[in-house]
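What follows is a set of structures to go through.
Look at the two complexes coming up: chain A is in both, with chain B in one and chain C in the other.
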Partner chain A sequence: MDAWFAQYVDAYYLRIMVLIGINIILALGLNLITGVTGQLSMGHAGFMSIGAYTAAILTLHYGTSFVLALLSGSLMAAFFGFIIGIPTLRLEGDYLAMVTIGFAEIIRVFFLNFELGGKAVGLYGMQQYTTFSMVFILVILVVVLNWQLLKSRYGRALYAIRENEIAAEACGVNTTGMKVAAFTMGSFLAGLAGGLYSHYMGYIAPQDFGFMRSIEILNMVVLGGMGSIPGVMLGAAVLTVLPEMLRIVADYRLLFYGALLVILMIFRPNGIMGDMRLYDLKQRLRTKEVKTCRS
Partner chain B sequence: MYKIRNKSIALLLIMALLFIIPGCGQKGSAGSSEDVIKLGFLGAKTGPVANYGIPGEKGMKLAIEELNAKGGILGKKVEGIYEDNKGDSAEIASIATKYITRDKVVAMVGDPCTGLTKVAADIAQKNGVVIFSPGATGPGVVEIGDYVFRNTLLDVFAVPAVVDWMMKEKGWTNFAIITSLNNGYSTALTPVFKEAINKKGGKIVLEDSINDGETDFTAQVTKLKRSGADVLVFTGYYTEAALIMNEVKKQNFDITLVGGDGLYGQDLAKLGKDAVEEKVIFYCGFSSDQPSPETEAFLKKYREKYGEEPDMFSAQYYDAVMILAKAMEDAKSTDPKVFKNELAKLKDYLGVSGKTTFLPNREPVKSPVCLITVKDGKFKLLDKIEVNVQ
Partner chain C sequence: MFWEQLINGLTLGSTYALIALGYTMVYGIIQLINFAHGEIYMWGAFAGLFLVTVLGVNIFVALIGAMIFCTLLGMLMEKIAYRPLRGKSSRLSALISAIGVSIFLSTLMVLLRGPNTTRYPEVLRVKTFSLGAVEISSLQIIILLVAFLLMAALTFMVQKTKLGKAMRACSQDLDASYLMGINVNRIISFTFAIGSALAAAGGVMVGIYYNAVWPYMGTMAGLKAFSAAVLGGIGSIPGAMLGGIILGVLEILGVAYLSSSYKDAIAFAILILVLLVRPQGIMGQKKMKKV
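And now, the complex of A and B:
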């Protein structure tokens, strides 16, 4: 399928599409934590690097198959998400943000000094196992699972925690347990995206997963619309494509990029599709007539 | 009602933006034809390694201007494309792909960093486009394939010559080595120094480490003072080197710091002031002092055009473009498949950054190695060492 695809789409577009796919998986992971459950995490790139390094080390040094490496990377990230989540998720808001930043820094510095990970030089020579069709299928899978989760009882419990944690607890939601679960799932997706990323780029280094990377992922979620699956997907796509499109303005690229973000946030403070769900869109179309009559 | 319309308009606008703008880009590149030779610039114009990319871009622009003034290559005009990769590996991969598939470049010049060069070299090799790095000194670059070249002073050739110089000219035999652990350049350079010192019969009396970004080196310098070393080899960057020398001055003893071209930054003299005066020596492939006739001409043109001094990167980017042009002229072809073979045969090329020869494995040997020190707050050439091809 990929060979067929490559005939019709030029490699530059294909590359951007793969990166959009990887970013969608990343952003959907963070959306579970920050968008849906309302826990401000600013260390998503840390979990991504765990997945990226684990998968890369497995395929490079141990000759593991890619699927197994990808799965191990995701599980490793999930495991760390779980371990970190238990103590930290008792914190809220700014405090949690600080702890997650700190944790992401710890991971980065760890990889800087990690012999197997090539230290500051990073890892190089991973085969390009990640293909467009693979990313495409995984994105669909992740979206469907996310969608199913969010419309289930658990998903509504997560939304409830965001809206009012005390009320949710009073209604019998195990808030700590649910938060840790959301954190673990989000980390799993970050690890998955990391594994895909490292086997697409063929080169990873600790500085690829710095603080700015975490902020970029957070941007995708906030810009697209916290808690909305189509919104986050759009946010990830826009923020991946935007820097590429802005190559036209050459040296002023980053300036325009920043300005566009500011403009978007002024006009759409809740993100492009704040809290819009797929079935909300349908609902909206149906209620449109009713509303028109009233006004 | 009003709200919904607003929302859908915003959405429509964003969608339109998404699809229209890349379309525009495509139209622009469709106009390119066979009679223009395109070269892609790889390097950072913003971010932490922009200090290497910005002068590089200037050197490349100067070279292309000159080629066009002379009538281009094989009668075709040369065009440079200059994207900013921010020193980011995802960014350089996108740019390399864009250069190859969109702009249809015949060769890419860059990147100054080893890791980034490898990312781009992989893509270049797969697509059969020449990549020529004027700065990647680390291992494992030309091994990627026969489209990958570099023109820079390699540590493996320079360091033995420098160690030899230290032992013979200066009579230093007891070495202390300090590595910066979170700096990839430093962790790669230290083993090269160690091997050279051991081979030449020197003695390593102290091995210590720091991290980039630290500011207090009291502990390391105290150990250094006690170790009885004749000279300190520091493999990191200029900021830390200046801070170490400040501490040495504070503890009031006399030792010279020797390092690689990572110390080639104007901040070395600014931060170190009189603590680094004639107390820091580093090697690199380019110096504007005692220029050869080729370098002299380049210096004049560069100063005229930009009103500033060129550095190693401007010279090496300039040379890279000129070497590529020569290979295309010699091969009478602008097809990377053809002229890459001519490129590999390069021997004793006199460029503005010294003499370059490619070994059979395409590794460059550059001569001479310039030893540079700080004098009156400026970089001054201390000595030139010839490097022989074994």
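And now, the complex of A and C:
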């Protein structure tokens, strides 16, 4: 399938599509934590780097198969998410934001001094195991699992925590347990995306996973519409393509990017898709009437 | 050796404290993590540089000039990027808007000056005094003195003036203050102005102290100052001062006695450890959860 694709699709577009897929997985992971459960995490790139480094070290130094490396990377990220989540999810709102920023920075500095990870140079020479079809299938899998999760009673419990934690607790939701579970699942997806990323790019370095990277992922979630799967997918796609399109303006690229973020937030404060869920989209298609987005 | 490191730490910490005050005051009133604050600090440093090199003014005049410039910049930023969002959107949208402003401001400076480090000219003749075994430079004395004066002035303003009273009222309850006839928008704008001026002072002094400024200096300094504000208990003004100084001192001591390769991780590690024991920060007050 990939050979067939490579024949018809330009390599540049194929690359962008793969990156969109990886970003969708990343953003859906953060969406579980920030969009659905309402716990502001600003260190998602830290978990991504754990997955990326673990997978790359396994295939480079230990000759593990790619699938096993990918799985180990994701599990490693999930493990750290779990360890970090238990004590910190007691903290509220912006304290959690600060701790996740701090954790991601500590991870980055750790990799900067990590012998096996190539220190500041990073790791290179990974084979390009990640293919378009693989990313495509994984994205579908992740979307379906996310969708099933969010419409189950666990998903409703997560939304309830975001809306009002005390009320959710009073209704019998184990809030701490659910928050830790959401955080662990989000970290797992970040690790998965990290493993895919490192074996697509072929090189990784600590500065790839800095604070700006975490911010970029957060932008995808907020811009698309928090808690909405189609919204987050759209946000990931838009924010992957946007910098490419802004290449025309060359040096002014980031200037426009910053200004666009402000403008988008002023005109669409709840994100492009608001809080729309797949279910609402289906309803809307069925009734064919114009409905305003729920805010 | 220890005492000299302590003084270095106090100097660094007082600049962190100046930046942290802006974070804590804005957070206290509108619960926004103003991510563009680090960039205001960077613009302050460059404004000071411009005044010293191009206009050739005295460094103290440049310090005041940079503060005035950043006051205006901060108010403009609040008016364009935050005010239209207030009230009609979630706090996260305001946060993303702040990130947008931050990217905009740092890129603008890169376009104006290039991404490289610019050296600050030698503006003061640095003398070194020895107090017994301790050596302290005149530069450090000036930085500590300016920081102390600014913080004292801020404390006086917040505690004793009518404007300060309005600010404290707003941080307790924005809606109730509005009902009491306080011009809430003006107070918020004023808070941004004060915070930005303090950050500019910090920027100019860091520029002189380390003899270098560059367009990305705001990111790491901003993150560390924000962790200082959280460490002290966000929303609390004495907390931000204390948090900044503690963080600066521990960072310098950590570099001196542990390892310099983990320099940037020290501040965050301390923050995480403190928050695990005391989730509301050192001087923060525990808030009752209300339904």
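The working rule: the second predicted complex is superposed on the first by the 283 of 295 C-alpha atoms of A that agree within 3 Å, B and C clash if a C-alpha of one lies under 4 Å from a C-alpha of the other, contacts with A are read in each partner's own complex, and residues count from 1 in each chain.
Everything below uses one rule, namely that a contact is a pair of C-beta atoms (placed from the backbone, for glycine too) under 8 Å apart; a residue touches a chain by one contact, two chains touch by 3 or more.
Remember, predicted model here, so these are calculated numbers, not experimental data.
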Note to self: Output check: A:L254 vs chain B and chain C. Expected answer is one of first, second, both, neither. What do you get?
What the structure shows: both
Notebook entry, point to check: In the superposed arrangement, which partner chain does A:F79 touch: chain B (first), chain C (second), both, or neither?
Noted result: neither
Check: So, A:I16: does it touch chain B (first), chain C (second), both, or neither?
Finding: first
Next item on the list: Mind working out whether A:D208 is in touch with chain B, chain C, both or neither, as first, second, both or neither?
Entry: first
Notebook entry, point to check: Which of the two partners, first being chain B and second being chain C, lies in contact with A:P269: first, second, both, or neither?
Noted result: second
Notebook entry, point to check: Between chain B (first) and chain C (second), which, if any, makes contact with A:P87: first, second, both or neither?
Noted result: second
Notebook entry, point to check: First (chain B), second (chain C), both or neither: which does A:V109 touch?
Noted result: both
Check: Which residues form the common part of the chain A surface touched by chain B and by chain C?
Finding: 109, 112-113, 251, 254
Check: Which residues of chain C touch chain A in their complex?
Finding: 27, 31, 33, 80-81, 84-85, 88-90, 92-97, 99-108, 110-111, 219, 223, 226-227, 230, 234, 261-262, 264-265, 267-269, 271-272, 275-276, 279, 281, 289, 291
Item checked: For the chain B and chain A complex, residues of the former touching the latter -> 1, 4, 10-11, 14, 17-18, 21-22, 24-25, 45-46, 82-84, 88-90, 93-94, 97-98, 100-102, 114-115, 118-119, 122, 127, 138, 140, 181-184, 186-188
Next item on the list: Can you check the complex and tell me which residues of chain A touch chain B?
Entry: 10-13, 15-16, 19, 109, 112-113, 119-122, 124, 201-205, 208, 234, 237-238, 241, 244-245, 247-248, 250-251, 253-254, 267-268, 272-273, 284, 288, 291-292, 295
Item checked: Touching residues (chain side chain A, partner chain C) in the complex -> 34, 40, 87-88, 90-92, 94-95, 97-99, 101-103, 105-106, 109-110, 112-113, 164, 166-167, 211, 215, 218-219, 222-223, 226, 251-252, 254-255, 257-262, 265-266, 269-271
